[in-house]
Structures are given as structure tokens and as C-alpha cells.
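Listed after this line are the structures, all set down as C-alpha cells.
Shared between the two complexes below is chain A, which pairs with chain B and chain C, respectively.
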Partner chain A sequence: MTDSNITLRFHANGRAFHPGEEISGEYRFDWLALDEIQAVEVSVLWYTDGKGDTDMAVHDFRRISAEEGGWIDPRRPGEFRTVLPNSPLSYDGAILKIKWCVRVRVFSERGKEVVGELPFRLGAVLSVKAAAP
Partner chain B sequence: MARRIRIYDKKRGHRRSGSAKAGSAGEAIFFTVFFLLGCGGLAGLIGTFVIPEWRATHEFVPHRCAVLDMRVGHIQREGRPFYRPEIQVKYDIEGETYVVWTYDVHNVRGNGYSPDKLDAQRVLRQFQAGHEYRCWYDPSDRTAAVLVRGLEWWVWVTFAVPVSLILIGGGGLIYRLVSWGKSDERRSALVRKAASLAPFEPAGGGLDFPNVPNMYDIINSPGTTLRYRLPMTASPFWALAATLAACLFWNGIVGLFVVFAINGHVSGAPDWFLTVFLVPFALVGVGLIYYFVRQLLVTTGIGPTMVEVSDHPLRPGERYQIFLSQTGRLRVNSMEILLVCEEEATFRHGTDTRTETRRVFEQPLFRREGFEVHRGMPFENLCDFEIPPGAMHSFKSPHNEVNWNVLVRGDVANWPNYERSFPIIVYPGEGGKSR
Partner chain C sequence: MTAPDDFAPADNPFSARHVRPGALGFRFPAGQSATSLVDKLQQAGWRGQIVGPHGTGKSTLLASLLPVIRAVGRSVVHVELHDGQRTLPVAIAPARLTRPAIVVVDGYEQLSLPSRLHLSWHCRCGGLGLLITTHRRVRLPLLLETRMDADLAYQLVRDLLDNKADLVGPEEIARRLDQRDGNLREVLFDLYDVYEQGRLTRRNRIPLPHATERKGPPCK
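Then we have the complex of A and B:
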């Protein structure tokens, strides 16, 4: 998926996974020079959408910071890999939706932040509309 | 797309969300003001009360003095009188005689006033003119002497205000500074790491099933027919007590004003504005009494409802048994058991916090009409049910929930209808798959 000049993709085909399954993929951004990148954060997270205030929790988080000696080469794709948890499962409800995604946040030396997301489904919960009798 | 500080970021659905950075800066300023107010207040209290009293206790020299005269001193502040005890004493130090008006170190510093005149008079009654008493004088200013030392209890209570401000402001400020410049994901990861280090069991389904509510309260009571007896969402007795408290509180206050209004009418000087103003409040009070009586009838007249379940936690696609026992002496028009799932969303609307609930699943498990329940012979029913395949599991996060409940609904002749709710926890199906 391409969003905000960050390209993300899974190694496996499809965007639906089961709890306990390992997901892996890569991200790429080549519009910044090597010395312009301050840090990159890669998160696998869920967040809520709908009527209520947004809740969010990170399942897996990795930060690579140039200041802390991390090596970030925008010419080469970065990788992410994690084993998905048992819950919460993706959900498409009436006033609540639970969405999972891989989010990459790039911080540049000029103080700019760029975010890219790759959504996916965890589990196979039916949507409220589909489950309605 | 680059992101800069903006007062408003974007519109999310029907809401407009503010800039996160502007919000963080606003919160930091807010907590800084709290913190500074607390520090200022604490410094003021220490300077006004603690340091002078510490000097009187540790540096003043013990001596003897004779009481010459007494009076209640008073001043006007913002049009209100304030009082303090003033005692004229005479003491000699190294051949030199000093005559001063004093009581405690605050008098010496020109303060010590309070609006309570009786308190000042009570203090003066402890002394008698012409008698000798122990006193303490300031070695650096021998004209300053006190008859009592030590802070009164209320001084320490006043410290609660600035200390609270410092704790709230300081805590908020530290949190803001620690999280400043950090992304939402990084903050969330820090919170998760801190929670994993906590010595207590995390709330919810623990590490195995994050954000699935804890089921301990549900499985800690064994059933008589099936494995677990389900607790009720809200005990009817607590609900009754809360209704009674609200009823007494509201009608107590309204009743006072009603008495004033009636007295006015009886004495021939009716206050028609008060009378008309009280009508809607009195109607609410009557409504509360009606609601309380109705609750009382349901609680006392309709006996306890017990629901037991064959296993727990429940999983989508699995079949279970449920047992209902209804005691009392009732002529039942209809009684049914429902399996329901509700979404609950909490959101801020201006300065209010609101909660909206939406029922997304309702399935009748059992229904029977036209029967009687006799005292000592509870109505009992055992039935099978299934959590629908592909159903959402129970879920709980700070502002959003998915709750499953077994609902018992009764229509009883000559009694108000009633509904009792019993929470159950649904876990994700094996492997998160639909069956």
C-alpha cells in the first residue's frame, strides 16, 4: 500500500490473518536522503473507530533512531515481523469498529513526520450487518 | 504529506479533532499553571505559618510574664469584621521591663484574625489578669513574646490544597514532558511496557487475550444445577438503595422550600414566584418516589432470579446450557430469556462525557406464557443455546466496549414488568475463526 510516500506490503498474499499467525513485510521510502532521516517507527497496532473516543494499543513497536546509532538506509527496504495476538479481533460493528494496521512513521531532520499505513484484518468476526438475522 | 502544528487537524466523521501538538502544549501550560499555583500557595503557607511557628518553638526563650489586661481585637476586611484574642503582658529581662499586647506568634506578626468572635472570647477565658503565666520571647527582638506555641490542626489541613495542586500539576507536567515529541504509538508502547512490569495481574483477559474483560467475577460462584452461577449486572438491592438515596436527597431539599412556600401562604404573605418555581422540582420529586416504589415492589415482590451456565468463558459456535430459576409467588403473563450483545461507546461532547449503547444482537433462548410460580416452588427451566458462529468476542478498552449478557425479562400480573441482566464473557473462537 502506498500512503504519504511510504510503501508497505506483506510478504504473504492477502490482508487477513489469524491470531497467533506470524506476519511479515517490508516498507520503503526513498524520497529522503540518508542524512535527512532522524528516526523511523514501525508499529503493529489496533485502534477503534466509530462513535466513541478513539482507543489505540500497540502490539509490536520498533524505533530506529539515527541519534541512538540506528542505521536507516532509505535505499533499502525495512522489514517488520511479529506474531499476532489472540485479541482484539477486527470488528465492524454498529457504533464501534476495531481496525488493525501496520504503521510506519518517518521523522525527518527538518521536524517533519510522514505516516504510512497498511491495514489488515485479524480473525474472521462477521460484521454486524452480515451477522444480523 | 508533511505535518505541521495546526489548531485543527481534520474532521473525523462528525467530529473535528484538534491538533495533537497544540493540545499537548495547552495541557502542558494548564499543568504548569496548576503546579506554579501549588508552589506559590505552599510557599505562602510555609512563610506565613510554618517558619514563624518553628522560630517560636525552637528559638524563642522561655520566661515568665504577668497578664495585665485582655481584649478582643477586631478589624474590618472587605466589610466583614474579624477578631483575635489580645492579651497585655509584662515581663522583665535583665532589668528592663517590656509591656506588649500578644497571644501567639501570628498576633506578634500582626495577623491571627478569624471571623469567629466566640473563639477569641474562649481563648481569653483561659487567662486571668494579675496572674503569672509562662511565655516565650524572641531573643533577637525582646518586644516580641508569645503565650502559646504550636500550630492548630486546621493549618495542616490547608496544606492539602497546594499539595494537591502540586501533585496534579507536577504529575501532569512530568507526563507531558516525558511524552513530548513522542508519537502515539511510542507512548502506547511505553504504557504497554510499564503495564507488563506491574506486579499485579493486568485488567482484562490478561496477556493471553488482551482487551477481553476479566471473567473472575463470573466464575467465582459455583451453580447448583450447572457449573457457574452468573452474577447480576447490578444487584437490585444496591439499585434500590441508590434510588432511595436520590429520592431522599432530592425531596429533602425540595421539601424545605415547599415548607417555606406553605408557611408563606399560611401566614398570609404568599410568595407566588417561589410557589410556581417549585412546581417542576416537586413533580420530579413525585416521579422519583414513584420510581422508588416501583423498584421496591419489583425487588421485594418478585423473588431472586438465578441464572447458571454450563461453562465459561463462552466461544462463538459452541453450544452451552443455561438454567433459570425464578422464586416468588407470581402469576406470570410471560417470561423469556434473551442472549444479547451490546456495543458501548463513551465520547466527549463539549465538556460532557456521554455513553451510547447500541444492541447489535438479540436472540430469544426461551419464552413461556401464562403460568404461576408458587412460594417454595421456584420456576425452573433448562435450555440449550449457542453463541453465534463468527460473533464478536467481549471487548473492553477505555472508551469502547462489546458486552454480552443473558437477559431475563418478566411480565408479571399486578406487578411492574422487570428485566434482569447477567453478564457473560465471550472469548474469540479457536484461532479467531468462525465455525
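Then we have the complex of A and C:
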């Protein structure tokens, strides 16, 4: 998926995974020079979406900071890898949806922040649309 | 596991995360902007009120103003009051605040009279600014009076739909806004259900977006 000048993709085909399955992939952004990057944060997270307040939790988080000695080379893809939990499973309800995604945030020296997301499905709960008669 | 086309739950453009203050930008009247209003607030000694009925954009306007207020060096104590909150949920103790500071109260009409007096006294004695949103005017300089009309509501709905589809026409928006006494927030809540119903009955003509990039929930 490409947006916000960050390209994300899974190593495996598809974007639907089982609980307990390992996911891995890579992200790329080459629009910043090496010395312009302050930090990169990679999260695997879920959040609720619907009529009510948004709830969210981060399953896996990694921050690479240039200030802390992290090496961020925009010419090479960064990688993410994690084992997915058993819950919450993705859900496509009418009032509430549970969404999973890999989110990459890039912070530049100029104070700019760019976000890219790669949504995916965890589990195989029927959507309300599919379950409707 | 194979990858179906609907790899992620469909996005509803009227969900809370898309229509919350901050996600949905405030539409300033001609000739006004967040910067000009903060200038006006500053000229009024950092005291002001935003007045308007329910669902006309007061909280949305605040969300636009707060970054500008912070950018000019004011720290902000932001208090959001909801139904039945008669007292401030946080202690406004001037000595503990980084100066210069401004207390921002969204939903000022919720406060009891003693709480209002207490807040006003603390702000005056502590040299703090005070910016409120309220349904009825109080004795503070007027920053802006928010209004909602059918044209503006229709534009906002079109923007939420990314100008891709005509889920509802301008007449329908005007009718719904009238039914909801001009409260756009309630209209958007209704449209959430309309959108979901359209998905269920397969009658909607809107391509369902799977994800948006810049309107997500707060990240770690």
C-alpha cells in the first residue's frame, strides 16, 4: 500500500492472517535524506471504529531514533515482524468495527510527521454484511 | 489464510474518528482564520467566548485554535465538560501552571454558578487566560458565534464522502438538519446509520474505502 510517501507491504501474499501467525513485511520511504530523519516508529495495532469513542491498543511497537544512535537509511527498506495475538479479531459490524493495521510514522528534523498504514484482517469473523440474510 | 478482497473492515466516513473535532476541520467565515481569531483573543487579554448552539462547530473551532495558541507560547489547560458535569474535573491551580497559560473550557454551560465564579476568580488572580465555549453569551469578549446552515452542512458531508458519491442530496441534508434543530453532529450520526444500511442492503452507490491514512486514532 502506498500513501503519504510511505510504501508498506507484507512479505506474504494477502492481508488476512490467523491468530498466532507471524507476519512480516517492509516499509520504504526515500523522500528524506539520511540526515533529515529524526525517528521512525513502527506499530502493529488495532483500533475500534464506529459511532462511539475510539479504543485502541498497540500489539507491537518499535522506535528507531537517530538521536539514540539508531541507523535509519532511507535507501534501504525497513522491516517489521511480529506474532499476532489471539484477539481481538477483526470485526466488521454495523455499530462497531475492529481494525488492525501496521502503521509507520516517520519524523523529520523539520518537525514534519508522515504516517503510512497497511490494514489487514486478523481471524475470519463474518462481517455483518456477509451474515445478513 | 487466503486474502479475500475485503481484507479489512470497511470504512464508514461518518464514524466518530472522522467527524470528531480536529478530524473535521472548522470552516472559518470569510476573512477569518485560526490565526486571526487567536490575534483577537490576545488583544482581548486572552479572554474570550465561542458561542453557538449544539452541533455548530464550537469544539471543532477550539481544536483548530489550540495549536495556534500553543504556537504563540501559551500553555493550555483544556477541560471538556459533558452532560451533568457541574464542577471542573481538574484543579485550576495557577501556581502549578507554566505561565503564560490559558484555561480552555469546552461546555462552560455545564458548570454550576459557584464553579463558574471559582474558575473566573482563579483565572483573574492567577493571571490566566480563559476561553470557553457556551450556548449562551456570558460576560466575556465574543470571539466567534458559530452557526450551521444547510449549505455548509452539505459541503461538510460531501467532503467526508470525498466528493465521490451522492449518498444524500442537499435537500435531504437540509431536511435532516431541520429535524435535528441545526445540530450537524446528530445529522452525521444519522448518516453513519444510513451508510451502514446502504452496505447491508447493497443499495448504496458509494465505493467503500478500506482505509484512510491521516484520520487514524492517536498512535503510540
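Here is the rule we go by: the second predicted complex is superposed on the first by the 132 of 133 C-alpha atoms of A that agree within 3 Å, B and C clash if a C-alpha of one lies under 4 Å from a C-alpha of the other, contacts with A are read in each partner's own complex, and residues count from 1 in each chain.
The rule is short, and it goes like this: a residue touches a chain if its C-beta (ideal position, glycine included) is under 8 Å from a C-beta of that chain, and two chains touch if they have at least 3 such contacts.
Everything quoted here is computed from the prediction, not taken from an experiment.
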Exercise for review: Considering only touches as defined above, state whether A:103 meets chain B (first), chain C (second), both or neither.
Suggested key: both
**Study point:** First (chain B), second (chain C), both or neither touched by A:29
**Key:** neither
Exercise for review: Using the superposition on chain A described above, determine whether A:50 touches chain B (first), chain C (second), both, or neither.
Suggested key: both
Practice item. Scan A:80 for contacts with chain B and chain C and give back first, second, both or neither. Key: neither
Practice item. For A:18, select first, second, both or neither according to whether it touches chain B, chain C, the two together, or no partner. Key: both
Practice item. Look at A:58 in the shared chain and tell me whether it touches chain B only, chain C only, both, or neither; answer first, second, both or neither. Key: both
Practice item. Kindly classify A:88 by the partners it touches after superposition: chain B alone (first), chain C alone (second), both, or neither? Key: first
Exercise for review: Determine, under the contact definition given at the top, whether A:119 touches first (chain B), second (chain C), both, or neither.
Suggested key: second
Exercise for review: Go through chain A and flag every residue that touches chain B in one model and chain C in the other.
Suggested key: 4, 18, 41, 43, 45, 50-54, 56, 58, 61, 91, 94-95, 98, 103, 105, 115, 124, 128
Point to revise | Touch list for chain C against partner chain A, complex | key: 1-4, 6-12, 15-17, 189, 192-193, 196, 199-200, 210-211, 213-214, 216-220
Practice item. Write out the stretch or stretches of chain B touching chain A in their complex. Key: 1-3, 12, 183-186, 188-189, 192, 205, 208-212, 343-348, 356, 358, 360-361, 363, 388, 390-393, 395, 397-400, 402, 427-428, 431-434
Point to revise | Sites on chain A touched by chain C in the complex | key: 1, 3-4, 13-18, 21, 41, 43, 45, 47, 49-54, 56, 58, 61, 90-92, 94-95, 97-101, 103, 105, 115-117, 119-121, 124, 127-129, 132
Study note, to complete from the structure: Seen from chain A, its contact residues with chain B in the complex are 4-5, 18-20, 41, 43, 45, 48, 50-59, 61, 63, 85-89, 91, 93-96, 98, 103, 105, 112-115, 122-126, 128, 130-131, 133
